[in-house]
Amino acid sequence: MTDKTDKPTAPAGPVTHVAPSPHVGDRSMTTRRMMTDVLIALALPTIAAAIVFRQHLLWQLLGCVGAAAVTEALFAAARRKPWSITDGSAVVTGVILALSLPWSCPWYVTGIAAVVAVVLGKMIFGGLGQNIFNPAMVGRAFVMIGFVGAMGAKAYVTSDPAIDVLTQATPMTVWGSEEFPRLGALFWGNTNGSLGETSAIACLIGGLFLCIRRTAAWQIPAGVLLSASVIASVVDLSSGETMDVLKHLFGGALLFGAFFIATDPVTSPLTPKGKFIFGLGIGSLVMLLRLLSNYPEGVMFAVLLMNGLVPLINRWTIPTPVGGPVPVRKT
Amino acid sequence: MELVSQLVLIAVSAAIINNFVLHYFVGICPFLGVSRRVDMAFGMGCAVTFVISVAALLSWLCTEYILRPGAPLTSWLTGNPEADLSILNYIVYIFVIASSVQLVEMYLRKFFPPLYKSFGVFLPLITTNCAILFACLEIMKHVSIGAGAGAWGGGGGEKWGLAAAMVLAIAGGVGFTIAIVIMAGIREDLDHCDVPKPLQGAGITLLVAGILALAFMGFSGVDSNLKKAISPQDPPAATATTPGDPTEGDPSP
Amino acid sequence: MANDGPAPLERFLNGILPENPVYRQLLGMCPTLAVTGNMKAAMTMSAAVMFVMICANLITSSIRHLLKPHLRILVFVLTIATFVTIADRVLAAYLYQMSKELGPYIPLIIVNCIIICRCEVCASRQGLGAAAFDAVGQSIGFALALASIATVREILGAGTWFGITLLSESWWPVWGIMVLPPGAFITLGFLLGGVNWLSMPRGKKSAGCGVR
Amino acid sequence: MTLVLIMLAAGTMLALGALMGYVLGWANKAFHVVVDPRIEQVNEALPGANCGGCGFVGCGEYAEAVVESDTAVDLCTVGGESCAAALAEILGVTVEQSWPFRPAVHCGATYAERLKRSDYRGEQQCATANIVSGVQGCTYGCLGFGDCDRSCTFDAIHTIDGLATVDYDKCVGCGACSKVCPRNIISMVPFKIEQMVVVACANEDFGKDVKGVCKVGCLGCKACARASDLFTFTDTNIPVIDYDKYDPDQMDEVEVALAKCPMKRLAKVGKPSDKDIEGVAGEDAPGVVQVDFKTTVDDTEWHG
Amino acid sequence: MTVAAEGTAKLPAFQRGVHPPQGKVFSADMPIKSLPAPPQVFMAMLQHTGAPCEPTVKSKDEVALGDVVGDCDAFVSAPVHASISGTAAMASVATLPNGRHVRTVPIKANGEQRTGEAMIDDVLGGEWSTRGIDAIDPDQIVTATRDAGLVGLGGAAFPTHVKLTRNEKTPIDTLLVNGCECEPYLTADYRLMLEYPAPVLAGALLAAKAVGARDVLIAVEDNKPMAIDTLRRAVRGGEVRIVEMKTKYPMGGEKQTILSALGRRVPTGGLPLDIGVVVVNVGTAAALARAVLRGKPLTHRVVTVTGPGIHQPKNLLVPIGTPYRALIDFCDGLTESAGRIIAGGPMMGFTLANLDVPVTKGTSGVVVLTGREVRQAGETQCVRCGRCADVCPLNLVATKIALAARSKDWLLAKRYHMAACMECGCCAYACPAKIPLVQLIRMGKVQMPRE
Amino acid sequence: MKDSYLGQAWLVLSLALVFGAALAGVQAGLSGRIADNKLNETYDQIPYLLDLIDDDGNVTVEITVKIWRTPDDKLAYQAVDPNGQAVGWVIKGVGPGFQDRIELLIGLDPEAETITGLFVLDQKETPALGNRILEDWFREQFVGKDATKGVVVTRASPVAADNEVGAISGATISSLAVGDIVNAAVKDFRARKGDLELKD
């Protein structure tokens, strides 16, 4: 259908390509950008941890990130799949894992946690975006159960007070006793605990940043905090204590978990409603485990348990299309 | 009240904390085989729960009246109050299970063909589902011998009545259903994931089960602490402590 | 179809790898996961399974012409349960600690799918010799599978093998998780993947390594 | 004491056995459902590949269909004749011999021979590329993203140089590739002899339009039709082969047509097994294979 | 009825949706010009939703402007008219931008062609008296519409007479004229409303008369204040209400327009008719006025040729069937940086590789984007962030549908209501992983086996 | 019809008969040994629990064991020396540990006022941590504690009070569980001692 009368401009012009619609995209948000956001938000708890734990933080951070990146690269090479550190997932996993470990974690435990996080938590499901469980929490749970000695309460405490908070027990292990730190210490982070969780204010600001950037869905932390505070209040009312709600919220890993661990988009539900249910579930489980289980803290288990339920939550929260469900076509 | 709290504890323990599948490894075959689709898994869970209840009822009756040492029927027949037929335990249980499964299967095939069709080949598998025999054995342990027989303190040895046996069976079945439905949900999602080829199918299912078992370990102690919460005065505590006290446990996430 | 089955020797070898009950047929998973925390328990279990399987196969094979379809399963479980009870009592009498450790998993051999499956598939259609060889092959395959898992779990989890210390606790931190339920699932998952991976290039059909 | 125990145990078992035996016996009768034992037999005779080539979800469903609803016994292409014969034996019907069907790709242009290819950005599948127009000039020809390749469970079709190419040694004729092709250019043709003639082009446009988009496309010159009445033209510019008329013993005319085709778009393809060939000696051919060369887009609702 | 007072308060927009960059500056100030008749046009026989037409002319037949060249007996169909005078050639098959094979009748121009101002005057200019509309018989309007080959000019190209035909079961109370033009870059409707409000209003009233609607609304997005002003001035004292809509994509989708303007939901799989509303595009309204009041068929339409990749963006009155090449050449051709030529808007349009395909009745614009505008980031793994669900105006979960389509899991696709998707492109626009969600869903809809 | 049903089942019936009898035979042959095993498990520990072993591992006092029981089947083993003098009691205590049940044997002096020994019969605590309750140093802490007051498990080290027992560092729950079980069992036993009657 060529026509000789055409001016030569168009055919001799630029090389165009074909592609499906839509032809414009929101360039402000990419998965890499999301990962960067998470890292920026994690910077605050990291800095807080650096202030409290000093060099211990550095070793855990290097160990986790390094081991995670190397493992991911090796696994990708073994499967002959492209891999790039710039997708950020190995780094995010490594940082979250490091921030959830005790400062004294021996090198082999750190390494095993990172390797397990990447292999068992992510790569066997097909890599980024396909895992069911939060990789960092899988790694942590593995060493938690596997090396209780290196991960249990005594791993946090030392009698050698080079860093003064390290002589205290972690808040959740001394729940209800005299040793429980003041709220102010919990708020600013001047307490013992896993590296990243001590400072409530750092977790709050970092988390709010994520929510405002919409990298994290606000429904998840909202659900977690709501259900946790409701349960804590009920327990308060029955016990007569009054500040327990704040202690529950600021103590332990609840804030860190709610804002940084539970909000991992890969392992949380798709729809806003599902996300809120997911958050409620985590909050309730955390309180259940804190109050009743043999473990003083339950964020890790709660997240893993709810991760397992995500496919079912997704299934139960399929939104109805505007205008109602698709009618069954008669033939 | 005592009975109610006992039943609650048995139920919570069997359904969640010491989940049949994830803690005792019973019922793994259907757990691997019938966990591809959520609806199918749920059906299987219901079938198991039903059969397990029937089997528990029958085996409790057999154990209580015939098999346990000093069972009334046996003693009366032999005139010996110590007569012990517990050697027949296993054979009787499996006999009961096999027949009742087969009966259910025939019944379903006749009267509910769609249900029968959707279970397909898995109904006969229930016969060989360890979960059911396991429930019977647990009941036997508590009925004929009594766990921790002869022990002092509140730590065990209570003989179970029919109610406890049934609660264990049903809760065990529910626990199985929970585990298999969660697994089916995950496996439906895994259909769209790029799982390494050697791990596809059973491999990844086992690994996911491993992670789930890890997660379920978080519940350890909920039963005994719940017991303390329900009846706080019961055993004298070695120290005045609250549940979340210093422990080998995990102080954070 | 009954006549042109594989030769007895082939049946024997089949059980060991090509039709390994655990890795290939995914049968008998409950004991595979439950008793592989250490080698002693695993091997005791294997021995018990072997005893029961051989006896059950022989009996089934010898009464194979008398079976009625609707009572077939009943006969199988009756036979198996009898031998399991015998094995259980013998263990309790002569290996009391082991029998305590294995707990309910010895009686659970009754519902071990391997045995019922072999009764169904092989023994009820074959002569005594074939059934015996099949039983031995399958139970050796089962034992090998259990041994492989138990080896990994015991060495990593306790630093020992058959109770003999291989890795001293002074420098080897034991992986407590390996002797707990998650360790069992994870070990078997990876071993299964490994076996599939090793046998992948040879057979095209291994692609669907799923459960039937 | 021991004797009493033994007696008691035996007695208990006897009672239990009698009870269960009786109940099951009764149930067997009372709940009896007539299940055709042949279903089981058919299932065993099928290869169990669950490839879906027969059009059913799996071998099990096909077995049921064969026994219960008079479905043809020769639909299993994987099991082939022996399987069909076995099924026929079970069902007591005589199997009607059928020709082995094998896929033929109605396009013969590699990337180099296709003109006006554009840089395509999007999901790299034929089915998706097909709904973006202009991936290449020819809107009929092979897209080369390998949907057929991926659909084949037998590793028998490969995309080489952007062209789907069948490996007839491995192909069992299950037809998955032909179903998956969004441009309908893979058809199942009956194999009468070792090498069948097919038209390796699907472009129905006028010769001059074809020339604009493909170096080797069929121009619709009708030279083949003039040489042999095997080739006919209907309302499109592409010859249709009437396999009814195809006679393996009288290939002279066809050879002439092949020689005369200016674009060499008449291709000999394939090689079914000797057994397949022998099996159909002297049978009637299954007929015309009319391929519907339209893209799946043509069936969709209009979009501006 | 006073108009100005009403509609000043903006109506609440539909939920979710996106805000892509507008890009309307390129051509918003370009008055509509007439494209000189090209040497050859290609009249596609299927330019509408429904049954394709059969050519009614043979090769070498002489046809005049407005002569029927293709027709079909089916109800849901519309005839095709020659857009220039000339000689018909042999019908051939063309592949339209949507990938569909369609028969076309080429017409070679001969003799004098009407063009330039005269053509614009004929199509849009002059007096459009709304007096006497009340006297027109509704059936007459429908017949005139059918004969003029009128289809929706907004994009979906649904035959207009089908919409206008009265149905006892579903009485229509509202006629909504859609002037939202939410697609970025496109300004054809905007220029039409700004320069020629009279035919739009006349068409609106005619359509309302045809369907028996009491309410007549013209919905315009608030990013076109001048068009709103012009229309308000034009309707002063009339019965037409101008409603100002929030600017949000896809406000122009009829389901979203109705939801935002009237608060009613069109049932999934249904039509606006089901809830008593008829929606026509402003271009359609103008063409309707022309068809009924002047008796002229649909032969020309306004097309925006715009984008950073075109030298001289313009709004053109184009004979339907003109090859795209002629439009682009008339706008001084592509710039060196041009990377993607799109028939339609950038959200829902189709790329063009072959510029020799013809403009159809549904073509609202040609947008030429450069490498800068088109997305460059490569596809990454879905991280299940749920953004696609956050922006879907229909409340669907695009990622699940798309991944189900990719792995051909039709059960899952159905569970997530794949068939309800209208392919507006919001999900793919928002997707941080740059997954071609819309393409996958379209593929799924095409491939899903129909029961 | 009835006959035919049972007739079909003749194989099951005869097998049931044979197997039932065979099993009973096995039971008859082995039950004594199994019962002995169970008893010996406890008996073997009695000298250790009652501190009747000298440094060379020899039993210093020849004892016989009397079994007492309450009407609700709680058992107590009383060790009696050749003179018929009671040497001490051994009782069993069971309770929840960190993971699963812990079964203990507790040795008491004849008046049940002092704990003379502790033995862990069965436990499934965390390896390398909770299962350190098996270690001698931990168990020996209980020896000599006043049974009337009950032990208190503490994390403080060294232990301050008489009746305090040092917990295993990092395994407080398991340690506490042991303490709880001991206290409960001892308290129960002391309260119900009067109900005991000698088993034949």
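By letter and in written order, the chains are A, B, C, D, E and F; residue numbering begins at 1 in each of them.
Note that in this section a residue touches a chain if its C-beta (ideal position, glycine included) is under 8 Å from a C-beta of that chain, and two chains touch if they have at least 3 such contacts.
For clarity, every value in this text was computed on a predicted model and none was experimentally measured.
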Where chain A and chain F overlap in contact partners, by chain label: B, C, D
Topological distance between chain B and chain C, in contact steps: 1
Farthest-lying chain, centroid of Cα atoms versus that of chain C: E
From chain F, the most remote chain by mean C-alpha position: E
Pair of chains ranked first by number of touching C-beta pairs: A-E
Chain centroid nearest the full-protein CA centroid: A
Gap in Å, rounded to a whole number, between the CA centres of chain C and chain A: 41
Chain centre separation in whole Å, for chain F relative to chain E (CA means): 87
Centroid spacing, where centroids are CA-atom means, of chain A and chain B in whole angstrom: 34
Distance from the mean Cα position of chain D to that of chain A, given in whole angstrom: 49
Multi-partner residues of chain C (each touching 2 or more other chains): 70-71, 74, 78, 82, 85, 89, 176-177, 180, 182-183, 186
Contacts with 2+ other chains: residues of chain B: 84, 87-88, 91, 95, 99, 102, 106, 188, 192, 196, 199, 204, 207, 210-211, 214, 217, 220-221, 245-249
Contacts with 2+ other chains: residues of chain D: 5, 8-9, 12-13, 16-17, 20-21, 24-25, 27-28, 118, 122-123, 128, 131-135, 209
Chain B-facing residues of chain C, complex: 26-27, 29-30, 33-34, 70, 73-74, 77-78, 80-82, 84-85, 88-89, 104, 107-108, 110-113, 116, 177, 180-186, 188-190, 192-197, 200, 207-212
Footprint of chain F on chain D - complex, ascending: 2, 5-14, 16-18, 20-22, 24-26, 29
Partner chain B, residues of chain F touching it in the complex: 19-20, 23-24, 26-27, 31, 69, 73-76, 91-96, 98-101, 103, 126, 129-130, 150-155, 165, 170-174, 176, 179-189, 192
List of chain B residues in touch with chain A within their complex: 38, 181-182, 185-186, 188-190, 192-196, 199, 204, 207-208, 210-212, 214-222, 225-226, 229, 242-253
Chain D-facing residues of chain F, complex: 2, 4-6, 8-9, 12-13, 15-21, 23-25, 27-28
